[in-house]
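Each structure below appears as C-alpha coordinates.
Each of the two complexes below includes chain A, the first together with chain B, the second together with chain C.
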Partner chain A sequence: MINILNGIDSTSSALNAERIRMEVVSQNIANVNSTRGPDGKLKPYQRQQVVFETALKDQLKGAGLPGSEASTVRVARIESARRQPRMVYMPGHADADANGMVAMPNINIHEEMVDLMSASRAYEANLNVVKTARGMALQTLAIGKR
Partner chain B sequence: MNPLSALRALAHPALRAEAMQPVTEKAAPKAIPFSELEKLSPGILPMPIDSNRVNAAAATGFEKAATDLVSQVAAKQAAAGESVSQLLGGQNVSLHQTMIATEEASISFQLMVEVRNKLLEAYQELMRMQV
Partner chain C sequence: MAQPLLNKPSDITAMIEGLFNQTNYVAAKKMLDVTAMRHEAIASNLAHLETPNYKRLDVAPNFATELQQAVAARSLDQIQSVSPRLAIDTTAVASRKDGNTVQLESELLKLNKNFMEHQLETQLITGTMLKLRLAITGRS
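Moving on, here comes the complex of A and B:
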(Lines of atoms letter the chains of each structure in order from A and count residues from 1; the text may use other names and numbers.)
(Lines give C-alpha, C1' and ligand atoms only; values in the text may rest on other atoms or scores of the structure.)
Protein backbone atom coordinates (compact mmCIF):
# COMPACT_ATOMS: atom_id res chain seq x y z
CA MET A 1 0.00 0.00 0.00
CA ILE A 2 1.35 3.43 -0.84
CA ASN A 3 2.04 5.51 2.21
CA ILE A 4 0.74 9.01 1.53
CA LEU A 5 0.79 10.62 4.95
CA ASN A 6 3.99 9.51 6.62
CA GLY A 7 4.10 9.15 10.38
CA ILE A 8 0.34 9.27 10.59
CA ASP A 9 0.20 6.07 12.64
CA SER A 10 1.85 7.68 15.65
CA THR A 11 -0.41 10.71 15.38
CA SER A 12 -3.53 8.62 14.98
CA SER A 13 -2.70 6.58 18.07
CA ALA A 14 -2.02 9.78 20.03
CA LEU A 15 -5.37 11.24 18.96
CA ASN A 16 -7.04 8.09 20.15
CA ALA A 17 -5.21 8.15 23.48
CA GLU A 18 -6.04 11.82 24.11
CA ARG A 19 -9.66 11.19 23.29
CA ILE A 20 -9.75 8.40 25.87
CA ARG A 21 -8.11 10.75 28.38
CA MET A 22 -10.81 13.32 27.72
CA GLU A 23 -13.48 10.69 28.23
CA VAL A 24 -11.94 9.76 31.58
CA VAL A 25 -11.88 13.44 32.63
CA SER A 26 -15.53 13.83 31.62
CA GLN A 27 -16.34 10.73 33.67
CA ASN A 28 -14.53 12.26 36.68
CA ILE A 29 -16.42 15.53 36.35
CA ALA A 30 -19.72 13.74 35.90
CA ASN A 31 -19.22 11.72 39.07
CA VAL A 32 -18.17 14.60 41.29
CA ASN A 33 -21.16 13.99 43.60
CA SER A 34 -21.51 10.20 43.38
CA THR A 35 -21.57 8.73 46.86
CA ARG A 36 -22.44 5.19 45.82
CA GLY A 37 -20.79 2.70 43.50
CA PRO A 38 -22.39 0.93 40.51
CA ASP A 39 -23.59 -1.87 42.78
CA GLY A 40 -25.49 0.59 44.97
CA LYS A 41 -23.15 0.13 47.95
CA LEU A 42 -21.98 3.12 49.92
CA LYS A 43 -18.64 3.83 48.23
CA PRO A 44 -17.70 7.26 46.91
CA TYR A 45 -16.48 7.42 43.32
CA GLN A 46 -12.72 7.33 42.97
CA ARG A 47 -10.96 9.61 40.57
CA GLN A 48 -9.82 7.72 37.43
CA GLN A 49 -6.66 8.56 35.57
CA VAL A 50 -5.11 7.22 32.38
CA VAL A 51 -1.60 5.84 32.07
CA PHE A 52 -0.09 6.11 28.61
CA GLU A 53 2.61 3.82 27.31
CA THR A 54 4.72 3.70 24.18
CA ALA A 55 4.04 0.96 21.71
CA LEU A 56 6.37 0.18 18.85
CA LYS A 57 4.99 -0.04 15.37
CA ASP A 58 6.93 -1.12 12.31
CA GLN A 59 9.98 0.79 11.07
CA LEU A 60 9.59 4.40 10.04
CA LYS A 61 9.11 4.49 6.31
CA GLY A 62 12.15 5.49 4.37
CA ALA A 63 14.51 5.70 7.29
CA GLY A 64 15.45 2.05 7.70
CA LEU A 65 17.95 2.93 10.39
CA PRO A 66 18.33 1.08 13.66
CA GLY A 67 16.33 2.78 16.38
CA SER A 68 13.92 4.36 13.91
CA GLU A 69 10.92 2.29 14.89
CA ALA A 70 7.74 4.35 14.79
CA SER A 71 6.57 4.80 18.35
CA THR A 72 2.86 4.92 18.83
CA VAL A 73 1.11 5.59 22.10
CA ARG A 74 -1.62 3.60 23.75
CA VAL A 75 -3.51 3.69 26.98
CA ALA A 76 -1.84 1.10 29.20
CA ARG A 77 -4.50 1.16 31.89
CA ILE A 78 -7.02 3.39 33.61
CA GLU A 79 -6.40 3.32 37.30
CA SER A 80 -8.15 4.92 40.23
CA ALA A 81 -6.32 7.45 42.34
CA ARG A 82 -6.25 6.08 45.87
CA ARG A 83 -7.35 9.16 47.76
CA GLN A 84 -9.29 9.44 50.94
CA PRO A 85 -12.88 10.57 50.36
CA ARG A 86 -13.72 14.15 51.14
CA MET A 87 -15.89 14.31 54.27
CA VAL A 88 -18.63 16.92 54.06
CA TYR A 89 -21.06 17.78 56.80
CA MET A 90 -24.52 17.29 55.30
CA PRO A 91 -26.86 15.92 57.99
CA GLY A 92 -29.84 15.91 55.66
CA HIS A 93 -28.14 13.74 53.04
CA ALA A 94 -29.41 10.18 52.64
CA ASP A 95 -25.89 8.77 52.85
CA ALA A 96 -24.82 10.73 55.93
CA ASP A 97 -23.30 8.75 58.77
CA ALA A 98 -24.17 9.08 62.49
CA ASN A 99 -22.20 12.34 62.75
CA GLY A 100 -23.91 13.82 59.70
CA MET A 101 -20.78 13.44 57.56
CA VAL A 102 -21.04 12.33 53.92
CA ALA A 103 -18.09 10.69 52.11
CA MET A 104 -17.89 12.55 48.81
CA PRO A 105 -15.54 11.65 45.91
CA ASN A 106 -12.24 13.43 46.30
CA ILE A 107 -12.36 15.17 42.94
CA ASN A 108 -10.87 18.60 42.55
CA ILE A 109 -12.78 20.28 39.74
CA HIS A 110 -9.91 22.68 39.02
CA GLU A 111 -7.56 19.78 38.56
CA GLU A 112 -10.02 18.15 36.19
CA MET A 113 -10.41 21.32 34.14
CA VAL A 114 -6.65 21.64 33.81
CA ASP A 115 -6.49 18.01 32.75
CA LEU A 116 -9.23 18.64 30.22
CA MET A 117 -7.40 21.61 28.76
CA SER A 118 -4.18 19.64 28.62
CA ALA A 119 -5.92 16.78 26.78
CA SER A 120 -7.55 19.25 24.41
CA ARG A 121 -4.25 20.99 23.65
CA ALA A 122 -2.46 17.69 23.11
CA TYR A 123 -5.24 16.65 20.71
CA GLU A 124 -4.91 19.96 18.92
CA ALA A 125 -1.15 19.53 18.59
CA ASN A 126 -1.63 16.12 17.02
CA LEU A 127 -4.26 17.50 14.67
CA ASN A 128 -1.74 20.10 13.60
CA VAL A 129 0.67 17.30 12.77
CA VAL A 130 -2.00 15.78 10.53
CA LYS A 131 -2.63 19.15 8.88
CA THR A 132 1.08 19.72 8.32
CA ALA A 133 1.56 16.24 6.85
CA ARG A 134 -1.37 16.89 4.53
CA GLY A 135 0.01 20.29 3.56
CA MET A 136 3.40 18.80 2.81
CA ALA A 137 1.84 16.13 0.60
CA LEU A 138 -0.23 18.71 -1.29
CA GLN A 139 2.73 21.05 -1.72
CA THR A 140 4.76 18.15 -3.08
CA LEU A 141 1.99 17.33 -5.54
CA ALA A 142 2.08 20.96 -6.66
CA ILE A 143 5.53 20.29 -8.16
CA GLY A 144 3.71 18.96 -11.22
CA LYS A 145 1.58 22.08 -11.63
CA ARG A 146 2.56 24.85 -13.98
CA MET B 1 4.37 1.33 -29.78
CA ASN B 2 1.20 3.27 -29.20
CA PRO B 3 2.01 6.40 -27.22
CA LEU B 4 -1.33 6.24 -25.43
CA SER B 5 -0.89 2.69 -24.22
CA ALA B 6 0.58 3.95 -20.97
CA LEU B 7 -2.40 6.23 -20.37
CA ARG B 8 -4.79 3.41 -21.01
CA ALA B 9 -3.43 1.69 -17.95
CA LEU B 10 -4.84 4.52 -15.87
CA ALA B 11 -8.37 3.82 -17.01
CA HIS B 12 -10.63 1.43 -15.20
CA PRO B 13 -9.40 -2.18 -15.62
CA ALA B 14 -12.64 -3.20 -17.36
CA LEU B 15 -12.44 -0.29 -19.78
CA ARG B 16 -8.77 -0.96 -20.39
CA ALA B 17 -9.37 -4.40 -21.84
CA GLU B 18 -11.98 -2.96 -24.21
CA ALA B 19 -9.82 -0.02 -25.17
CA MET B 20 -6.93 -2.30 -26.07
CA GLN B 21 -8.94 -4.09 -28.73
CA PRO B 22 -10.07 -1.55 -31.36
CA VAL B 23 -6.79 0.29 -31.78
CA THR B 24 -4.70 -2.74 -32.63
CA GLU B 25 -7.33 -4.44 -34.77
CA LYS B 26 -8.49 -1.41 -36.73
CA ALA B 27 -4.95 -0.31 -37.48
CA ALA B 28 -3.91 -3.70 -38.83
CA PRO B 29 -6.10 -4.07 -41.98
CA LYS B 30 -5.24 -0.59 -43.33
CA ALA B 31 -1.52 -1.19 -43.15
CA ILE B 32 0.32 -2.53 -46.17
CA PRO B 33 1.17 -6.19 -45.59
CA PHE B 34 4.62 -6.51 -44.17
CA SER B 35 5.70 -9.10 -46.73
CA GLU B 36 5.09 -6.62 -49.61
CA LEU B 37 7.06 -3.88 -47.89
CA GLU B 38 9.88 -6.28 -47.40
CA LYS B 39 9.97 -7.00 -51.13
CA LEU B 40 10.22 -3.30 -51.98
CA SER B 41 13.23 -2.41 -49.91
CA PRO B 42 14.54 -5.24 -47.83
CA GLY B 43 17.47 -3.36 -46.33
CA ILE B 44 15.77 -0.20 -45.02
CA LEU B 45 12.87 -1.64 -43.07
CA PRO B 46 13.24 -1.91 -39.32
CA MET B 47 13.06 -5.18 -37.54
CA PRO B 48 9.50 -6.43 -37.22
CA ILE B 49 8.25 -5.88 -33.69
CA ASP B 50 7.23 -9.00 -31.89
CA SER B 51 3.90 -7.81 -30.47
CA ASN B 52 3.76 -10.59 -27.88
CA ARG B 53 7.09 -9.61 -26.45
CA VAL B 54 6.17 -5.90 -26.26
CA ASN B 55 2.89 -6.65 -24.51
CA ALA B 56 4.58 -8.94 -22.01
CA ALA B 57 7.19 -6.30 -21.21
CA ALA B 58 4.52 -3.61 -20.80
CA ALA B 59 2.42 -5.76 -18.50
CA THR B 60 5.30 -6.33 -16.14
CA GLY B 61 6.82 -2.85 -16.30
CA PHE B 62 5.12 0.50 -16.46
CA GLU B 63 1.63 -0.78 -17.13
CA LYS B 64 1.74 -2.91 -14.01
CA ALA B 65 2.99 0.03 -11.93
CA ALA B 66 0.21 2.25 -13.26
CA THR B 67 -2.44 -0.41 -12.71
CA ASP B 68 -1.15 -0.93 -9.18
CA LEU B 69 -1.38 2.81 -8.53
CA VAL B 70 -4.98 2.91 -9.73
CA SER B 71 -5.98 -0.14 -7.71
CA GLN B 72 -4.32 1.23 -4.60
CA VAL B 73 -6.14 4.54 -4.99
CA ALA B 74 -9.37 2.59 -5.43
CA ALA B 75 -8.55 0.57 -2.30
CA LYS B 76 -7.94 3.76 -0.31
CA GLN B 77 -11.25 5.20 -1.46
CA ALA B 78 -13.02 1.97 -0.59
CA ALA B 79 -11.40 2.01 2.87
CA ALA B 80 -12.45 5.63 3.39
CA GLY B 81 -16.02 4.86 2.34
CA GLU B 82 -16.09 1.87 4.64
CA SER B 83 -14.78 4.00 7.50
CA VAL B 84 -17.42 6.68 6.94
CA SER B 85 -20.24 4.15 6.85
CA GLN B 86 -18.89 2.49 10.00
CA LEU B 87 -18.73 5.86 11.75
CA LEU B 88 -22.26 6.74 10.71
CA GLY B 89 -23.39 3.25 11.62
CA GLY B 90 -22.32 3.88 15.18
CA GLN B 91 -19.53 1.35 15.18
CA ASN B 92 -16.32 1.71 17.11
CA VAL B 93 -14.52 3.98 14.64
CA SER B 94 -13.28 7.35 15.79
CA LEU B 95 -13.83 10.56 13.89
CA HIS B 96 -10.15 11.26 13.33
CA GLN B 97 -9.57 7.82 11.81
CA THR B 98 -12.34 8.48 9.31
CA MET B 99 -11.03 11.94 8.50
CA ILE B 100 -7.48 10.64 8.03
CA ALA B 101 -8.76 7.84 5.79
CA THR B 102 -10.74 10.24 3.60
CA GLU B 103 -7.82 12.67 3.46
CA GLU B 104 -5.46 9.86 2.40
CA ALA B 105 -7.92 8.81 -0.28
CA SER B 106 -8.17 12.40 -1.51
CA ILE B 107 -4.40 12.93 -1.64
CA SER B 108 -3.70 9.63 -3.36
CA PHE B 109 -6.38 10.47 -5.93
CA GLN B 110 -4.67 13.81 -6.55
CA LEU B 111 -1.37 11.98 -6.93
CA MET B 112 -2.96 9.75 -9.57
CA VAL B 113 -4.37 12.78 -11.39
CA GLU B 114 -0.93 14.42 -11.37
CA VAL B 115 0.65 11.28 -12.84
CA ARG B 116 -2.03 11.22 -15.54
CA ASN B 117 -1.50 14.91 -16.30
CA LYS B 118 2.23 14.38 -16.67
CA LEU B 119 1.71 11.46 -19.04
CA LEU B 120 -0.77 13.40 -21.15
CA GLU B 121 1.58 16.36 -21.22
CA ALA B 122 4.43 14.14 -22.42
CA TYR B 123 2.19 12.68 -25.11
CA GLN B 124 1.10 16.12 -26.33
CA GLU B 125 4.70 17.26 -26.33
CA LEU B 126 5.54 14.32 -28.57
CA MET B 127 2.62 15.06 -30.88
CA ARG B 128 3.76 18.66 -31.33
CA MET B 129 7.25 17.55 -32.27
CA GLN B 130 8.35 18.54 -35.79
CA VAL B 131 9.69 15.67 -37.84
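Moving on, here comes the complex of A and C:
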Protein backbone atom coordinates (compact mmCIF):
# COMPACT_ATOMS: atom_id res chain seq x y z
CA MET A 1 0.00 0.00 0.00
CA ILE A 2 1.20 3.50 -0.67
CA ASN A 3 2.12 5.50 2.34
CA ILE A 4 0.33 8.84 2.34
CA LEU A 5 2.00 10.06 5.51
CA ASN A 6 5.75 10.01 4.94
CA GLY A 7 7.91 8.70 7.72
CA ILE A 8 4.94 7.53 9.78
CA ASP A 9 6.67 4.22 10.61
CA SER A 10 9.64 5.95 12.23
CA THR A 11 7.42 8.39 14.08
CA SER A 12 4.97 5.85 15.44
CA SER A 13 7.78 3.61 16.65
CA ALA A 14 9.33 6.59 18.43
CA LEU A 15 6.03 7.60 20.05
CA ASN A 16 5.69 4.05 21.31
CA ALA A 17 9.27 3.94 22.64
CA GLU A 18 8.98 7.31 24.39
CA ARG A 19 5.70 6.25 25.99
CA ILE A 20 7.37 3.11 27.35
CA ARG A 21 10.15 5.32 28.71
CA MET A 22 7.59 7.53 30.47
CA GLU A 23 5.92 4.47 31.97
CA VAL A 24 9.25 3.24 33.30
CA VAL A 25 9.93 6.67 34.84
CA SER A 26 6.54 6.69 36.52
CA GLN A 27 7.25 3.20 37.86
CA ASN A 28 10.55 4.45 39.28
CA ILE A 29 8.90 7.44 40.95
CA ALA A 30 6.12 5.26 42.36
CA ASN A 31 8.69 2.93 43.95
CA VAL A 32 10.95 5.60 45.40
CA ASN A 33 10.42 4.23 48.92
CA SER A 34 9.89 0.50 48.26
CA THR A 35 12.22 -1.45 50.53
CA ARG A 36 10.82 -4.89 49.73
CA GLY A 37 10.40 -6.80 46.49
CA PRO A 38 7.14 -8.29 45.16
CA ASP A 39 7.86 -11.54 47.06
CA GLY A 40 8.01 -9.70 50.38
CA LYS A 41 11.77 -10.29 50.78
CA LEU A 42 14.02 -7.47 51.95
CA LYS A 43 15.36 -6.09 48.68
CA PRO A 44 15.11 -2.40 47.79
CA TYR A 45 13.58 -1.61 44.38
CA GLN A 46 16.20 -0.99 41.70
CA ARG A 47 15.92 1.89 39.29
CA GLN A 48 14.83 0.69 35.83
CA GLN A 49 16.03 2.38 32.66
CA VAL A 50 15.21 1.84 28.98
CA VAL A 51 17.78 1.32 26.25
CA PHE A 52 16.79 2.36 22.73
CA GLU A 53 18.11 0.80 19.54
CA THR A 54 17.72 1.28 15.81
CA ALA A 55 15.63 -1.20 13.83
CA LEU A 56 15.43 -1.25 10.05
CA LYS A 57 12.00 -1.04 8.48
CA ASP A 58 10.98 -4.63 7.77
CA GLN A 59 9.18 -4.11 4.49
CA LEU A 60 12.01 -2.07 2.99
CA LYS A 61 14.94 -3.97 4.45
CA GLY A 62 17.48 -4.86 1.80
CA ALA A 63 15.19 -3.79 -1.03
CA GLY A 64 17.36 -0.75 -1.71
CA LEU A 65 14.28 1.40 -2.31
CA PRO A 66 14.67 5.16 -2.00
CA GLY A 67 14.03 6.18 1.57
CA SER A 68 14.83 2.75 2.93
CA GLU A 69 17.72 4.24 4.90
CA ALA A 70 15.21 5.77 7.31
CA SER A 71 14.80 3.48 10.28
CA THR A 72 12.54 2.90 13.23
CA VAL A 73 13.40 2.85 16.92
CA ARG A 74 12.57 0.23 19.51
CA VAL A 75 13.18 -0.47 23.16
CA ALA A 76 16.06 -2.95 23.19
CA ARG A 77 15.73 -3.78 26.88
CA ILE A 78 14.77 -2.40 30.25
CA GLU A 79 17.63 -2.85 32.66
CA SER A 80 18.34 -2.16 36.31
CA ALA A 81 20.68 0.68 37.19
CA ARG A 82 24.04 -0.48 38.54
CA ARG A 83 24.03 1.70 41.60
CA GLN A 84 24.20 0.92 45.28
CA PRO A 85 21.04 1.40 47.35
CA ARG A 86 20.68 4.67 49.19
CA MET A 87 21.32 4.12 52.93
CA VAL A 88 19.10 6.21 55.18
CA TYR A 89 19.25 6.36 58.96
CA MET A 90 15.77 5.42 60.22
CA PRO A 91 16.11 3.37 63.42
CA GLY A 92 12.33 3.09 63.85
CA HIS A 93 11.78 1.56 60.40
CA ALA A 94 10.71 -2.09 60.26
CA ASP A 95 13.44 -2.87 57.70
CA ALA A 96 16.29 -1.12 59.52
CA ASP A 97 19.49 -3.12 60.12
CA ALA A 98 21.42 -3.39 63.41
CA ASN A 99 22.88 0.11 62.95
CA GLY A 100 19.47 1.65 62.22
CA MET A 101 20.19 2.05 58.47
CA VAL A 102 17.51 1.30 55.87
CA ALA A 103 18.46 0.38 52.28
CA MET A 104 16.27 2.61 50.07
CA PRO A 105 15.96 2.29 46.27
CA ASN A 106 18.78 3.86 44.25
CA ILE A 107 16.41 6.46 42.79
CA ASN A 108 17.08 10.17 42.58
CA ILE A 109 13.72 11.91 42.16
CA HIS A 110 15.24 14.94 40.38
CA GLU A 111 16.91 12.71 37.86
CA GLU A 112 13.56 11.01 37.21
CA MET A 113 11.81 14.34 36.67
CA VAL A 114 14.45 15.41 34.14
CA ASP A 115 14.09 12.09 32.37
CA LEU A 116 10.32 12.51 32.30
CA MET A 117 10.60 15.98 30.80
CA SER A 118 13.03 14.93 28.13
CA ALA A 119 10.78 11.98 27.19
CA SER A 120 7.82 14.33 26.99
CA ARG A 121 9.77 16.77 24.77
CA ALA A 122 10.78 13.96 22.43
CA TYR A 123 7.15 12.81 22.29
CA GLU A 124 6.03 16.34 21.37
CA ALA A 125 8.67 16.61 18.67
CA ASN A 126 7.43 13.41 17.08
CA LEU A 127 3.81 14.58 17.22
CA ASN A 128 4.99 17.68 15.38
CA VAL A 129 6.35 15.45 12.62
CA VAL A 130 2.95 13.79 12.21
CA LYS A 131 1.25 17.18 12.04
CA THR A 132 3.66 18.33 9.34
CA ALA A 133 3.30 15.08 7.40
CA ARG A 134 -0.45 15.56 7.47
CA GLY A 135 -0.12 19.11 6.18
CA MET A 136 2.14 17.94 3.38
CA ALA A 137 -0.30 15.18 2.41
CA LEU A 138 -3.18 17.69 2.29
CA GLN A 139 -1.11 20.01 0.10
CA THR A 140 -0.27 17.15 -2.22
CA LEU A 141 -3.94 16.17 -2.48
CA ALA A 142 -4.80 19.76 -3.33
CA ILE A 143 -2.51 19.88 -6.37
CA GLY A 144 -4.43 21.24 -9.34
CA LYS A 145 -7.16 22.88 -7.25
CA ARG A 146 -7.68 26.59 -7.03
CA MET B 1 -9.36 20.58 -48.57
CA ALA B 2 -7.18 21.65 -45.64
CA GLN B 3 -5.25 18.97 -43.83
CA PRO B 4 -6.29 18.56 -40.19
CA LEU B 5 -3.55 19.70 -37.83
CA LEU B 6 -3.53 16.44 -35.89
CA ASN B 7 -4.44 13.39 -37.89
CA LYS B 8 -2.76 10.50 -36.08
CA PRO B 9 -3.40 9.37 -32.47
CA SER B 10 0.36 9.53 -31.86
CA ASP B 11 0.30 13.27 -32.65
CA ILE B 12 -2.22 13.82 -29.89
CA THR B 13 -0.22 11.78 -27.40
CA ALA B 14 2.90 13.73 -28.31
CA MET B 15 1.03 16.98 -27.81
CA ILE B 16 -0.29 15.97 -24.40
CA GLU B 17 3.12 14.73 -23.34
CA GLY B 18 4.62 18.00 -24.48
CA LEU B 19 2.31 19.87 -22.13
CA PHE B 20 3.75 18.10 -19.13
CA ASN B 21 7.37 17.84 -20.23
CA GLN B 22 8.52 21.39 -19.69
CA THR B 23 11.83 21.37 -17.83
CA ASN B 24 10.58 23.58 -14.99
CA TYR B 25 7.56 21.37 -14.42
CA VAL B 26 9.65 18.17 -14.36
CA ALA B 27 12.19 19.81 -12.08
CA ALA B 28 9.40 20.87 -9.70
CA LYS B 29 8.15 17.29 -9.59
CA LYS B 30 11.67 16.10 -8.79
CA MET B 31 11.94 18.64 -6.00
CA LEU B 32 8.61 17.42 -4.61
CA ASP B 33 10.00 13.87 -4.47
CA VAL B 34 13.05 15.15 -2.63
CA THR B 35 10.94 17.08 -0.14
CA ALA B 36 8.93 13.95 0.67
CA MET B 37 12.17 12.01 1.06
CA ARG B 38 13.74 14.65 3.28
CA HIS B 39 10.65 14.58 5.47
CA GLU B 40 11.20 10.85 5.90
CA ALA B 41 14.81 11.50 6.93
CA ILE B 42 13.78 14.15 9.46
CA ALA B 43 11.08 11.84 10.86
CA SER B 44 13.73 9.16 11.31
CA ASN B 45 16.13 11.66 12.94
CA LEU B 46 13.53 12.89 15.41
CA ALA B 47 12.51 9.31 16.18
CA HIS B 48 16.12 8.60 17.14
CA LEU B 49 16.55 11.62 19.37
CA GLU B 50 17.68 9.39 22.24
CA THR B 51 19.23 6.42 20.46
CA PRO B 52 22.94 6.07 21.29
CA ASN B 53 25.31 6.30 18.32
CA TYR B 54 22.60 7.22 15.79
CA LYS B 55 23.91 9.39 12.95
CA ARG B 56 21.48 11.83 11.36
CA LEU B 57 20.26 11.21 7.82
CA ASP B 58 19.68 13.75 5.08
CA VAL B 59 19.30 13.88 1.32
CA ALA B 60 22.74 13.23 -0.22
CA PRO B 61 24.29 16.65 -0.98
CA ASN B 62 25.27 15.78 -4.55
CA PHE B 63 21.58 15.86 -5.53
CA ALA B 64 21.34 19.67 -5.46
CA THR B 65 24.35 20.20 -7.72
CA GLU B 66 23.22 17.50 -10.15
CA LEU B 67 19.74 18.99 -10.47
CA GLN B 68 21.19 22.50 -10.88
CA GLN B 69 23.42 21.31 -13.72
CA ALA B 70 20.53 19.44 -15.35
CA VAL B 71 18.21 22.46 -15.17
CA ALA B 72 20.95 24.76 -16.47
CA ALA B 73 21.49 22.40 -19.41
CA ARG B 74 17.69 22.35 -20.03
CA SER B 75 17.95 18.63 -20.61
CA LEU B 76 14.81 16.68 -19.80
CA ASP B 77 16.55 13.29 -19.69
CA GLN B 78 19.22 14.65 -17.39
CA ILE B 79 16.62 16.04 -14.96
CA GLN B 80 14.71 12.78 -14.98
CA SER B 81 17.83 10.71 -14.35
CA VAL B 82 18.76 12.63 -11.20
CA SER B 83 17.95 10.21 -8.40
CA PRO B 84 17.98 11.52 -4.85
CA ARG B 85 18.77 9.22 -1.98
CA LEU B 86 19.24 9.43 1.75
CA ALA B 87 22.70 9.28 3.27
CA ILE B 88 24.33 9.84 6.62
CA ASP B 89 25.03 13.52 7.15
CA THR B 90 28.80 13.62 7.55
CA THR B 91 28.88 17.33 8.40
CA ALA B 92 26.89 16.85 11.63
CA VAL B 93 29.00 16.53 14.75
CA ALA B 94 28.00 14.80 17.95
CA SER B 95 27.30 17.30 20.69
CA ARG B 96 26.68 14.59 23.27
CA LYS B 97 28.79 11.83 24.69
CA ASP B 98 26.62 9.02 23.30
CA GLY B 99 27.69 9.74 19.71
CA ASN B 100 24.21 10.81 18.57
CA THR B 101 24.36 13.65 16.01
CA VAL B 102 20.70 14.73 16.13
CA GLN B 103 19.88 18.15 17.57
CA LEU B 104 16.22 18.72 18.43
CA GLU B 105 16.03 22.45 17.61
CA SER B 106 17.82 22.35 14.26
CA GLU B 107 15.84 19.28 13.28
CA LEU B 108 12.50 20.99 14.03
CA LEU B 109 13.61 24.04 12.05
CA LYS B 110 14.51 21.81 9.12
CA LEU B 111 11.11 20.13 9.43
CA ASN B 112 9.35 23.49 9.10
CA LYS B 113 11.62 24.64 6.28
CA ASN B 114 10.90 21.44 4.41
CA PHE B 115 7.17 21.98 4.91
CA MET B 116 7.40 25.46 3.38
CA GLU B 117 9.39 24.09 0.46
CA HIS B 118 6.70 21.48 -0.08
CA GLN B 119 4.06 24.23 -0.10
CA LEU B 120 6.07 26.24 -2.63
CA GLU B 121 6.49 23.26 -4.94
CA THR B 122 2.83 22.17 -4.82
CA GLN B 123 1.79 25.75 -5.59
CA LEU B 124 4.24 25.89 -8.48
CA ILE B 125 2.77 22.72 -9.97
CA THR B 126 -0.80 23.88 -9.33
CA GLY B 127 0.03 27.19 -11.00
CA THR B 128 1.34 25.43 -14.09
CA MET B 129 -1.79 23.29 -14.29
CA LEU B 130 -4.15 26.23 -13.84
CA LYS B 131 -2.39 28.14 -16.60
CA LEU B 132 -2.75 25.15 -18.89
CA ARG B 133 -6.43 24.91 -18.03
CA LEU B 134 -6.84 28.62 -18.75
CA ALA B 135 -5.17 28.16 -22.12
CA ILE B 136 -7.40 25.18 -23.00
CA THR B 137 -10.78 26.39 -21.76
CA GLY B 138 -10.33 30.13 -22.02
CA ARG B 139 -11.54 30.72 -18.47
CA SER B 140 -9.71 30.45 -15.24
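The rule is simple: the second predicted complex is superposed on the first by the 134 of 146 C-alpha atoms of A that agree within 3 Å, B and C clash if a C-alpha of one lies under 4 Å from a C-alpha of the other, contacts with A are read in each partner's own complex, and residues count from 1 in each chain.
The working rule: a residue touches a chain if its C-beta (ideal position, glycine included) is under 8 Å from a C-beta of that chain, and two chains touch if they have at least 3 such contacts.
Model, not experiment: these values are computed from the prediction.
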> Just chain B (first), just chain C (second), both, or neither: which does A:Ile4 touch?
Replying inline: first
Inquiry  = Contacts for A:Gly144 in the overlay, against chain B (first) and chain C (second): which applies, first, second, both or neither?
reply    = both
- prompt: Touch check for A:Arg134: first (chain B), second (chain C), both, or neither?
  reply: first
In this superposition, the partner of chain A with more touched residues, chain B or chain C, is C
Check whether A:Asn33 is in contact with chain B, with chain C, with both or with neither, and answer first, second, both or neither. neither
Tell me the contact category for A:Ser80 with respect to chain B and chain C: first, second, both or neither. neither
Dual-contact residues of chain A, meaning touching chain B and chain C, are 8, 144-145
The residues of chain A that touch chain B in their complex are 1-2, 4-5, 8, 12, 15-16, 19, 127, 130, 134, 137-138, 141, 144-145
Given the complex, residues on chain C that touch chain A span 32, 35-37, 39-44, 46-52, 54, 57, 83-87, 104, 107-108, 111-112, 114-115, 118-119, 122, 125-126, 129-130, 140
Listed in rising order, the residues of chain B that touch chain A in the complex are 69, 72, 75-76, 94, 96-97, 99-100, 103-104, 107-108, 110-111, 114, 117-118
The residues of chain A that touch chain C in their complex are 6-8, 10-11, 13-14, 17-18, 21, 51-54, 66-67, 69-73, 118, 121-122, 125-126, 128-129, 132-133, 135-136, 139-140, 142-146
